Each structure stands twice: as C-alpha cells, then as structure tokens.
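The two complexes that follow have chain A in common; it is paired with chain B in the first and with chain C in the second.
This part shows the complex of A and B:
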C-alpha cells in the first residue's frame, strides 16, 4: 500500500513540459492491422448470415408481399402497389387492434413495473427469503407459455377454479374471465405480466446492486428521506438500465402473440385482438397474406417512430 | 444497508408473502393437482393438499401420449439452439466489442434492431424460405429460427462481460506470442464464464418455451416439441384435467431442474451485464 502513486501530495505543476505521464494514460488503442480485422469479420460472419437468412430476407419478402394482392399463401397474385395499404387503413378492425395494442402495452408496463420493482427491492434485503427468492422468483418466466395458459385457465375455471372459489368466498362472482368481453383483455394482461415480471425484476435487482452504499448513506446523513433519496440518487444511477429495459421490454411486450393465442385466441368477439393477433388472424384465418403483410409493415413503422421518440426524449445523458 | 431500508415502514413481510404467493402459488397449485385423483381435481370445493396421492395421471400420460418423443424433440431443439447461440454470440461479441473491427458500431446497431423485430410478421415469408432450403418440418429448421432470435440478444448481453475483462490481458498475451485465436479461446473466454452461463440459460429457456414457430413450421406429429404436445393434449381431452396437469408438470420440470442447478448463475450474470451497461 505504501507504494508511491500519482496523487502524491507535492502538487505537480501543470506544466506542458511534462508530457511523459500523460501519454501513458491517453495512449490510443493500436489497431491490430489487416489480420486482426480479418479475424474479426470472420467471427461476425455466422451471426450475420443467420440474421440475413431468417430476419432480413423474410422482412424484404413481407414488404414485397404487401405490395401485391396475395390471398392464400403462395397463390398467384398481382402487383397492386399501395392498394393493399389503403384497404388496411380503411379497416376499422386494424385501428381497433392498434388501439388495443396501445392499451395492452401500457397496462403490461404498469403491472410489470410495480411487480418487478417491488420484487427487486425485496430481493436486495438480507435474510433467507431474499436468498432463496433470487433463485425461485424467475420460475414463472421459465415455464412454457402453453403451460402458463393451462395453469391460469385451470385456476380461473368457472366450475373448479381455485381463484374462482376464493373470490366466490368473499362474494365476488368472477364468471369466466377469459370469455367475458369486459374483462378478457385485463385477464390476459395479468397472465402475461405474471409470465414476464420476473425477468424485469431480476434486471432491476441487478441495477439496484450497482448503487454505491456510501452515496446512500451520505444522502441519509444529509437528512434526505427515502423518497428524495430515490429520485436524487438511486433513480439517476438506475436510469440507463431502466431505459434499456423500457425500450426492449416495451417492444417485446407489444409483439406478444403466444399468450393471447393460447388463452383467448383474440376473442371473445375480438376483445383481445391486439396487433400481432390481428396480423395472425388475417394471414391464417382469413387467408389474406398481402393484407397481413401490409398491416405488419405499418406496425413496424409505428413501432420504429415510437422507439425513435422514446430514444430521443428519454435517453439518459451520456449513454450510447 | 440499502435505500430500501428507509422504507421500513412498508410492511415488507406482507409484500414478501404476496410475491411468494403470486410467483409460486400457481406452480404449487398445478403440481399438487397433478397428484390428485380425477374425482378430487374437479371437486366443487378445492383441496389445498391431495387427500389421496396418486401417480396415476403421470402413468396415463406416458402410456396414452407420445410424451417421451416430445421430450426428446424439445431437448434436441433446446440444446441445439443453446450451443449454436452461444457460439455465434461469443464470436460476434468478441468481434464487435473486443477486436472492434471497422464498422462494428453499425453492426452492433443492426443486432440491436434484430431482437425487436415482431416475430408474427416473419411467419409467412419464413415458411417459404424454409421450404426452399428444405428445412420445413425439421428440427434443424426450428433451431435455425430460434438462433436468429436468441443470438442477437445474447451478443448484446455479453457486451458487459467482454468489456469487464481488462484489455491489458490481451496485450500481455500478444507479447508472450499468443495469436488472436489463442487469446480469444484460452485467455478471454474462460474469464467470461458467468456471461456464458447467462446466455446458456436464456437461449435454453427461449427454445424450450417457444410455441408459435414450432406449431407453424413442424407438421409431422413425431417431430413436435413439448409445448405443441401439451397443447394437443389440452385440445384433445379438454375435460381430462388430470392428464393436462401431469403434462404441464412434465413440461415445466426440465426447466425447473435447470434452474435449481444454474439459477444463481443466471441472476448473477444478468447483474454483471447490467453493471456494465
């Protein structure tokens, strides 16, 4: 520990005549030359090849299909330009689905944020509960969506469901939550939130662990209450992680298809038909490939604009 | 002491009970139900603990459904996806965040966009492409599709881990005469073990739970994965809750085992990843 270091007391004159120590710290990273770069590109080739084949090529094909009037997949069709888009834009069901997706996104975000933050704060504590919970709390996420759908349909079954019975005991008749148009959407949102909140909880818990204890104690000494400490100290440190989580989580949430497909299939009477469900039904039930493609392209555009606005206005300072 | 200790007036104990009930309650319920007799399962007043334990539901599942076929298909797909994802993601992350080849900023951006593409949009065109290259109705095709969704996310996940390995190590290795390949595999990779564990768990869980592509791209019943098999049991025997419960338990069991073994590494891995974001 007694080794001499740069912060030695003898206040060094900031003279330009002492460049030696500076050049050590600001040394530019040496580029490795052609061999180095070739190796790098070789490493990148496999993932780019897979992405080109499975993501980029289908994306281009979807755009081309949206400019045609294809019905059953693979059937003969003609190029009709933007006519298909006009059909979609005049379809009230498209706008309903878009609005429902907005609601789906906001409610999923709200429910999962509350559950995930609550869980993350508890995971931080000492004791056996937090220690074991760090392992089991992720279980709802590792269960296949099919099983999630079965479990909740079973627990909410109007005849034998344990939750139905619990609510009946306190005088509330749940009926059949998945087939009641009034509450079907919120029911599926709650089921989806149950499936996904553990992942967010673990990420937030990880971010909370990066908040230095000394800063928190300093805030306490200065007389800040928990609320002030959170907004002044914790939140700014969490912001980059919350930003990434918010962006990725919102897009993943918006694109959820399986939970809806496996519980209500978009029903009853379209009450749970969000945008992915609308695209799926248009392609596979109504056999209108081009219209499904056009709706998808429009959705991607909406998502792109929303994501750009999110990045523009909510990006924390100094993050890439 | 953390800032949450300032919230000590919030009844934390109550919240713990609530979170436990929310996260584990449904899992507990399906597991005990699977051990009940069919009569007890549909009894008007649910029993919190089976009055008579029976493994009859499980033996019926193994006798009347091709569960073991589904299981081996799912294992193949999940393991194949995991191995390929880890290889691709490690290579990509090393090239992008360690070697920093020219244009890596743009490629990293492309990879970020990739894991946000709506999967529903790709079903129809992907079906055609997989048919053209002979990978429709094949587990290899399913693995390929899974990898396209998991590898970009895992590349992003590994960023923090690669950056946490000091650059000086590379330089020291170069001075000792190690080439770039040896530096990568023998020096940097072992130091990234927690990151690799995180990528393994994420891609395994993704492939294990994936439903939409598995139902669209696999036509042959003998090639179906567990989620498809389970949904077939649900559809086929809607009233037979005993069979459905047993099927559900057997579908979630393998990931439960994986998590009991590797769960702590996963949570730890995500934390390191977040630290370096």
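This part shows the complex of A and C:
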C-alpha cells in the first residue's frame, strides 16, 4: 500500500512560500490516510483472527509443548526447559532426517523445475496435441495423493507391476524401488515430482504467455538463437515468477509427509525418513509429543533461515 | 457502510461457529451410549451399525451408537478425549491398548460382568487373561484373532508337497515353490505391526514368547529369538523382492494373485479367496504355524479384542454393561463374529457351537480352516501378557515395532540376526 504523495505539483516539497495552507492540507491528507489505513486493517482483521487461531495458537502450543516432557499427547507432563531440545539434538536420527530433507528438497526442486519448464515450453507450441496436453497435463496434480501412492506401488510391484514387467521384457531388472534403501528415496522423489510438477508447469506456462512477442521478435531480428533468446530475454522476464514458485514450492516440498508415509512409511530402515516423517514417528509411533514438538520448532527455524537465504541470494534484481 | 455491515456479520458468524464448536458438549449423546470401535473397513462398520440398530430396536434403557476411530490415531484421540473429560462410554481395545488407556486414568473394572459371562458362556483363557490386573478384569473380551499358515493347495499339489509342519518343512516348501512364476512365500518385512506379528508367531513356536523377565525387564536377546530371526532371514530369500515394504495387504495380494505360495496371517484370507483367485475353496490350504524340529511347541500370536467401559456415571456404566452382555449372548454373538467372517473368532466356549456363527457361508465353506484357527487359538500368546503377565507399558514396545525394525536391519541393512536382535534389545530397553 503506497503512502500518499504529500508534495504539491510544481512546488518544491520544502519550499517556505506557503507553509500554513500546505500544513493544513497535509494534516487533512494524513488524517484521511490514517482513516484509510485503519479501514484497510479493519478489513484484514477477520483473516488475521483466523490465521491467529489456526497458525499462531498451534505454533505457540508447539513451543510450550517442546519445553515439557509430555509423552502421549494430552498426558500429564512437567516443564523441563530445553532438555527436550538437547535430546533431539543428540539424536543421530534427527540429523539423518534433516540431511535427507535437504536432499529431498534439492532433488525435488531440480526434477520438478526441469519437468515443469520442459512441459511449459512444449505447451507453448501450436498444434492439436499441445492444446489437448494443456488440459491433461494437470491430471497427475489433481489425483489425490493416496491414489498416487497406490498407483505407483502397483506399477512398481515386483510381482505384478506394469513398469516392472515392461523393464523385465527388455532385460532390465528394476528390483524393488520402494524397498531398496539405495534407491527408495529417489523413487519417492520421482513419484512426488510426478505428482506436483504440473502445478509448476501451468504457472510457468502462464508466465511465458506474458513475455511480449515484440521483444522476442526483436531478439530474433538481432540474430539471437533460441538459447540466447531464452537466457537473455525470456528467463529475466520469468524471474519474479520463478522466484516466488521456487520459494513457495521449496517450503511445500520440504513439508511433504503424505507421499512418503503412504509409499514407504519412512522405510526401508529409515531410508526415506525426512523431517516430517521423523516428527510424525516421534509423535505417533514413539509417543514422545514434546520431542516431536521440539523437532518441529527446530524445523521451523531451519526453514526460516533457508527461506531468508533464498530471498537474500536469489531475489530478482529490482524486486521489493 | 454496507461493507462494514457485511464485515460485522461475517465476524459474528465466524464467532458463532467457533463458539458453537467449542460448546459442543455432547448434549445430543446424553440419552445414548457412544461406543468407539476401530474396525474401519466399510463392511465391518455396516455390520456393527446393524448390530447397534438391532439392540436399539429392543427398546433398551439407553440406545447405543457406534463411532469408528482410526487405529493409528486412537492413542492420541483417546488421550485428548480423556483430558477433555469427553471419552466415549466404551472403547474396543486390544490388551496393549487397554494398558495405555488405563494409564490415562480411564476404565472401570468389569469383573462382575466378565465373571457372569464366564459362568454363562465360558471364556478361553487366552481371551480373559490379558485383561486381568490388580485382581480385576478391565475389559470384556468380544472376539479373538489368531495367525495360521496359509498355502496354495494347487501349487503344493503340482509340486507334490505335503502340508509343512516343521520349520524345516516350511523352508523346503518355500525353496521348492520359489520359481520364475511365483515366490515360495510372501512375508512382511516392513517396519509395521504385520511384520511384528508374523515374526512373533514363530517366536512363540520356539519358546521365545516371553520377552520380559519375571521382574518386567526386557529379555528379548535370547538364543531362541536369534534362531527365530535366522529362520525369518532364510525364508525372506524366497519372498518377493519388495518384502521390505510389505505390511498386511501385500502378502495377501501376492497370494491371491498367484505370485506367492505361502503366507502367514489371520482369518481375513477366507472371504476373498474364491473371488480373487478363481480357484475352488479346497485349494486354500491351512495349517498351524510350523514348529522347530526339536524343542518346538504349538503357538501363534493371538489377540483378544475386548471392550473397556470408560463412562463414569453409574447409570451409563450399567447400561454399557447391558449392551456388552447382549453382544455376547448366543442369539447375537454370531452376528458380531460375522462382521468379518473368519477373522473374528469366538472366544467363549459355547460361542462357536450355540450361536449362528457357523451358519455363515464363509465359515461353513472353510470349516476345516476355521477349526484349525480355533485350535491354534488355544496356544495363542501376546508379548507382555504371557503366562499371566501384565506389563503396564507394553504399548511403548508394541507401538514402535521394534521386532519389525530388527527384521528391517537384517533384511535391508544386512545385519546378522544376532546383531539385529541385540540392537532391538537395546532399543527396547531405551524405550522402556
């Protein structure tokens, strides 16, 4: 919301020529501005109240729980200060899960960006298949996660999986992608990326449509090839959209629990236990609510720092 | 002005919604009993609702309403309900869940009810023992579940194999039937309860049922337990490659699709067998869990599912007792058991013969297998409740699937059975 322009046209802002009238005008405008701002804030009140109810309260509750030694949620407990944090920080499984989450985030980001960009560029082309694909490409995204998990478990099942059999027909033994600790994480990353890349593809496709044709034609006239045009013209125009998509997508991706829980349950032997799975297992399998809350608080801090670094170093030039 | 009025209306509406949600104190349930069960498959929900309707048609003092809860969330759900003082009148439990619910300060003794039912119907020991502590019974047993060996009769016939009775027979059959077309056996090896239970069934047959000392300390790392893990490790060689991700559903799917010849599970195999395999009922083979050649004993994991009475009001408690007694009456018991025919087994002495349970098509079709399960029930065990034990915090051990974790370490991370069992012992001690 921009501040009202307090300077009169054609007059220097600090000119002493007519101080009284300018001051009255200024006060009137300021009063109007304050009223305007107040009304704006008033309109925001309901959503802020809802946000406080559904976000701030649980967050505060999580912090308070993390300072206790509560086991099952709701059971009697005592305040132990930061002891719970020490337990979590000394747990190798926490650091393993954090590292795995970092890998999960980076690989999801990379795979989804490549898939989304490639798809968006293909969708931009002319032809009936591109028009058809614009509708059907979102299909993986609209399928509920539970169905995605079941579909991929079936397709990769070692007994009757379609993909397993297809690869076997050409002499490639896929093994058991969800239960081989060496490839289970990458398998779940691919499944998750398949599920979510259409969203990014549609957003990028929409952003591509905003690139002025005249600019592209000018680049062509100047002799730029396709790669030069993309890198020097299209990409800078898309940067604000990609920045927002990258930030929000990373946070979403980091917090994915359902896909992992439904496909591998964090296994085999913890090979796909990322931070959300670690928190879930600590809370609902090990019944250590306070430790789960402490791990959650630490995760929020890590994500906050990561988001700040993302904004600091990857923010497009010229954006606020 | 208009927008302000709309905003005010919206705020008031939201506040009213929030307040009404906070104020929902169960006024609508004052005149009816609420019973939580954990049987989420739709056919079971429908069958239990039908039972409640039948009970309510008899014009009882208080009608009953079933509410279904998710098994995975019941620990936190019941804790939240307890802290809010808004618990149901009764809750379906397994023995380990019952110990946990009691630790929340919930549960009334039902000794009079159990003793009355015992006198009238006669409970098998495995049904009532796990609910006895401090000279009282804490749940009314309703139905049992036991694991047995299932095998594909068609594959056994083709290979000229007999029913496995010993561990050696089982290994031989699994090896023989492990071909390019199908796996010899399908075993769960995921970190889940399914794996816990199958491995524990073998432990029972090897005399390793009791994982606690007489003082209630963890005693998991024994030679018998290590031998059992060695057997499981060998059997897993003949199980599908993705067994490390298997729980309950996958082995059954492999069995019914013809991808595996042998499974170990409870009685849910009966109902879908014909439809899913296209075979005759005679092709479903069943037998008690094979035992070691020397020193072995018949046995399997056994769950006595019961109902705890959680209400604190005397009238409601009495009404809940009435309902539970009604369920176990031979007139109604067959309907309760046939909510999932074959899986829910009678645990009263007259329940199998005097109720109409055996008249159900599934039960009568697979009569021999049903009898195998009933016989196996007599030697059933559950850790934490072996030989009259009552370990208060057994839920800490069962909830974290330490037995299955050791299987994963062995199967996925190539740990030796001895090392995996030793690691599990340490983990259990740390959690205890």
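The rule is simple: the second predicted complex is superposed on the first by the 275 of 320 C-alpha atoms of A that agree within 3 Å, B and C clash if a C-alpha of one lies under 4 Å from a C-alpha of the other, contacts with A are read in each partner's own complex, and residues count from 1 in each chain.
The criterion applied here is as follows: contacts are C-beta pairs under 8 Å (C-beta built on N, C-alpha and C of every residue); 3 or more make two chains touch, one makes a residue touch a chain.
Bear in mind that the values here come from a model prediction, so they are computed numbers and not experimental data.
Contacts of A:43 after superposition on the shared chain: both chain B and chain C are touched. When both complexes are overlaid on chain A, the residue A:159 reaches chain B and chain C alike. Of the two partner chains placed around the shared chain by superposition, chain C is the only one that A:285 touches, whereas chain B remains out of contact. Judged by the touch definition given at the top, the superposed model places A:248 against chain B, while chain C stays out of reach.
Of the two partner chains placed by the overlay, only chain C lies in contact with A:178; chain B stays clear of it. With both structures placed on the common chain, the touch criterion links A:264 to chain C but leaves chain B unconnected. Of the two partners, chain B and chain C, it is B that touches more residues of chain A. Applying the stated contact rule after C-alpha superposition, one finds that A:34 touches neither chain B nor chain C. Residue contacts after overlaying the shared chain place A:170 against neither chain B nor chain C.
Once the two complexes are overlaid on the shared chain, A:225 sits against chain B while remaining clear of chain C. Overlap of the chain B and chain C contact sets on chain A: residues 42-43, 46, 50, 53, 73-74, 159-160, 283. Against chain B, in their complex, chain A makes its touches with residues 29, 32, 35-37, 39-44, 46-48, 50-51, 53-55, 57-59, 61-62, 65, 73-74, 115, 118-119, 121-122, 124-125, 129, 133-147, 150-152, 154-155, 159-160, 162, 165, 194, 198, 202-203, 205-211, 213, 216-217, 220, 225-226, 229-230, 233-234, 240-241, 244, 248, 251-252, 254-255, 257-258, 261-262, 276, 279-280, 283, 289, 292-293, 296-297, 299-300, 303, 307, 319. Residues of chain A that touch chain C in their complex: 42-43, 45-46, 49-50, 53, 72-75, 153, 156-160, 175-181, 264-269, 271, 283-287.
Across the complex, chain C meets chain A through its residues 3, 7, 10-11, 14, 18, 72-73, 75-76, 79-80, 82-83, 100, 103-104, 183, 189-192, 240-246, 250, 253-254, 257, 259-260, 395-396, 399-401, 405, 408-409, 411-413, 431.
Interface of chain B with chain A (complex): residues 1-4, 6-7, 12, 15-16, 19-20, 22-24, 26-27, 29-30, 33, 41-46, 87-89, 91-92, 94-96, 99-102, 104, 107, 110-111, 114-129, 144-145, 147-148, 151-152, 155, 167, 180-181, 205, 208-209, 211-212, 226-228, 230-231, 234, 241, 244-245, 248, 251-252, 255-256, 258-260, 263-264, 266-267, 270-275, 277.
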